[in-house]
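The letters A, B, C and D name the chains in turn, as written, and every chain counts its residues from 1.
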Amino acid sequence: MTEKPYKTALIVGAGPGLGASLARQCRARGMQVALAARDPGRLSGLAAELDLTALECDVSDPAAVARLFVLAEAALGSIESVFFNASGRVKGPLATLDAKAVADVIAISAYGGFLVAKEAALRMTQKGRGAIFFTGASASVKGYAQSAPFAMGKFALRGLAQSAARELAPLGIHVAHFVIDGAIRRAGSSADGDSQLDPDAIAQTYMAILDQPRSAWTWEVEVRPWVEKF
Amino acid sequence: MTEKPYKTALIVGAGPGLGASLARQCRARGMQVALAARDPGRLSGLAAELDLTALECDVSDPAAVARLFVLAEAALGSIESVFFNASGRVKGPLATLDAKAVADVIAISAYGGFLVAKEAALRMTQKGRGAIFFTGASASVKGYAQSAPFAMGKFALRGLAQSAARELAPLGIHVAHFVIDGAIRRAGSSADGDSQLDPDAIAQTYMAILDQPRSAWTWEVEVRPWVEKF
Amino acid sequence: MTEKPYKTALIVGAGPGLGASLARQCRARGMQVALAARDPGRLSGLAAELDLTALECDVSDPAAVARLFVLAEAALGSIESVFFNASGRVKGPLATLDAKAVADVIAISAYGGFLVAKEAALRMTQKGRGAIFFTGASASVKGYAQSAPFAMGKFALRGLAQSAARELAPLGIHVAHFVIDGAIRRAGSSADGDSQLDPDAIAQTYMAILDQPRSAWTWEVEVRPWVEKF
Amino acid sequence: MTEKPYKTALIVGAGPGLGASLARQCRARGMQVALAARDPGRLSGLAAELDLTALECDVSDPAAVARLFVLAEAALGSIESVFFNASGRVKGPLATLDAKAVADVIAISAYGGFLVAKEAALRMTQKGRGAIFFTGASASVKGYAQSAPFAMGKFALRGLAQSAARELAPLGIHVAHFVIDGAIRRAGSSADGDSQLDPDAIAQTYMAILDQPRSAWTWEVEVRPWVEKF
């Protein structure tokens, strides 16, 4: 395959769970990695441990996302893979939800995904290669009661991912959407054995999809614990 | 059935196509009807013809939507059915889309749907009856290339509808989502025979779903012309 | 609409529940009706009550299905609408299922649907009009644990219906698939109020879909009780 | 992970394409492999090349499938992973399809999958480990015009896989379904570059899913060429 392997990764919406596992596994395969979070101070330990770049970004702000890509490129060179994990959530009966809070959930979970995809597409279409991976949830395909805002954000992100895949795959850019169907185990916790999603196990599947030759690309894959009802 | 029939309808996002057909068929069954549009002047002919109330509303503004319901109740009494048809659209390669325009599409198509559903739920949950119907599109279930914003808005609206159905159906409120899979024929046009969706035909199905006894409610139905590829 | 209304109905797999409700509502709109069941003796009361034709048919036998259509035409004239409700079921852990019983479930639920669709298509394509409606279940879209054979039969029937819709809709034949998502209340029972699917309510939706103008045909619709989890 | 790696594989429905690639990659990781086909003579070259066992099996015959597992166990020891690829196909307008040919397609594509799953489940549930992977197609999720039999077989197989996953995953057995969405390149052909599915690339994803820790199992994944419309 001429198109592989990717040498750099930008992980947007990186916390101590999946984001950290993705960072570790990208680093383990020799990739340069930048992490972005609203509060990058929370990433300082990880950044030091893995020798990677931590950047601040409000993903719902177009200018901030544009700047993020510029800074990430300055640190890593051309961005060849992007992982979008950011999301927000508010719960409760529809009639009682705060309108502003719902707007914020959509802005972070879906609009932020668009802004990141736009900047990534701008660069990757010029190279004819790259990967843009979106992290979904059970709520990406099932709208649960009293959780409309999260469903709206995650459904929208899935629509974005599917549209992006249809546009960008024929241009050589791999777009994939991951339905994380279950609770992710907190880093360091082992109380629940493997009955909750281990972020390292999830990241392993992201890496496997990242390794796919383009003759057999996946645009969507779901993962859940063996004991999870679905 | 004690819960039927509904005596009033609020149609949000009403243009000369589906909104007008819904208004006519609701009126034909004796319902009182209010129409809301960003520019209600465009509705004046229809309002006069059908003797109904036309109201102005920016569906992406929480205060405007709250006021809309107050005005509609003042005109009609208790709002027993709500139809949400508003949407926006911008097209083009992801990399070239205007960020502000995309935000507007999401605000009208999805967030507006949430605001309307919230106001409707607030009132209908107190009565234990009512109907909230959302108008979707092909893009509700399929993200097309170069049409990510519309897909994001329509996927999100579908997530909202499904979540609302799960929350509100057991409270006696019928939530349904309509996937309009194809182009709607312009009112008055007959050039294409029945190869495009006739808004009166679509509205007929909305009325049939509105008539369902609650022992057999539909939450989603799609319609498309007989000749449409799918 | 030149294509409506349909004057005859053949209801295959007719028991005391949905089949009887469909028969009653078709008769109420003046249609001539034939019912087919493996044991038509069970239909004699209904046949007498509604003045309709009861025929014997093993739907998994090609010759029997061909004969059924000939007999139904002899009784009713041209068959303009067909309803396929037949299905079988065996449950249990995969490892313990009886292979012959599973073959029978598939033969009745799916292969029978094909045989009926084939005979219907043969006739309706010559007229360029008609309707073929298939009755699905929750298991049409969700494979439940310990219920693989029913899922196989119902998934296959849905695949048939979708393929038939894509082939036959452009020829003027309306193919629709109904996902009955919940338990159907036994005829005459009122113990559960409207918390179970009332067969009359289901049939009402079949009739509404039968009435759709072809500019806005539905190929799939689901129904479930207001209180049903989904 | 205590549950990995699997040491043996039984590949049912093995031709020169995907089956051979799966066999090669299983062998490359040191697994013992048995191949089953209706005409095992076609596998003799591959069997010699890879030092594996070729067995004859009509997958639609319960006794033959039971015997296959006994012979495979005799050759390999306990069967820890099973791949089911068999399928049949007939095409044409519904009205013209040969009823017997359609029965055969369903028997091979779906009933055969059940028989194999039953034998596998019987053994794996006793060990609390193992993997059962099913090969689907575009037709697993989309019923194409004039291809109803293949859709019936593949939809049914997907229903089986989903039901099996729900039953068996909590027992420690990984069930997965692969939607191969596009034409598989013929072995040895390179005329189309990577615009068709390369069987080695597909098999790479099967292996990645086989390697998943059970805290993050996938039950379904699709693959298609980068240039494929979907």
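Keep in mind that, in the parts below, contacts are C-beta pairs under 8 Å (C-beta built on N, C-alpha and C of every residue); 3 or more make two chains touch, one makes a residue touch a chain.
Since the model is a prediction, treat every value here as computed from it, not as a measurement.
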Problem set entry | Interchain contact steps from subunit A to subunit C (minimum; 1 if touching) | 2
Exercise. What's the chain with its C-alpha centre farthest out from subunit A?
Worked result: C
Exercise. When the C-alpha atoms of subunit B and subunit D are each averaged to a single point, how far apart are the two points in Å?
Worked result: 44
Seminar exercise, completed: dist(centroid_CA(subunit A), centroid_CA(subunit D)) in Å evaluates to 31
Problem set entry | subunit C: positions in contact with at least two other chains | 166
Exercise. According to the definition of touch, which chains form touching pairs?
Worked result: A-B, A-D, B-C, C-D
For this session: Give every residue of subunit D touching subunit C within the complex, in rising order.
Result: 62, 93-95, 97, 99-100, 102-103, 106, 110-111, 114-115, 117-118, 121-122, 125, 139, 142-149, 151-168
Exercise. Touching subunit B in the complex: which residues of subunit C?
Worked result: 166, 169-170, 172, 174, 185, 194-198, 201-202, 204-205, 208-209, 211-228, 230
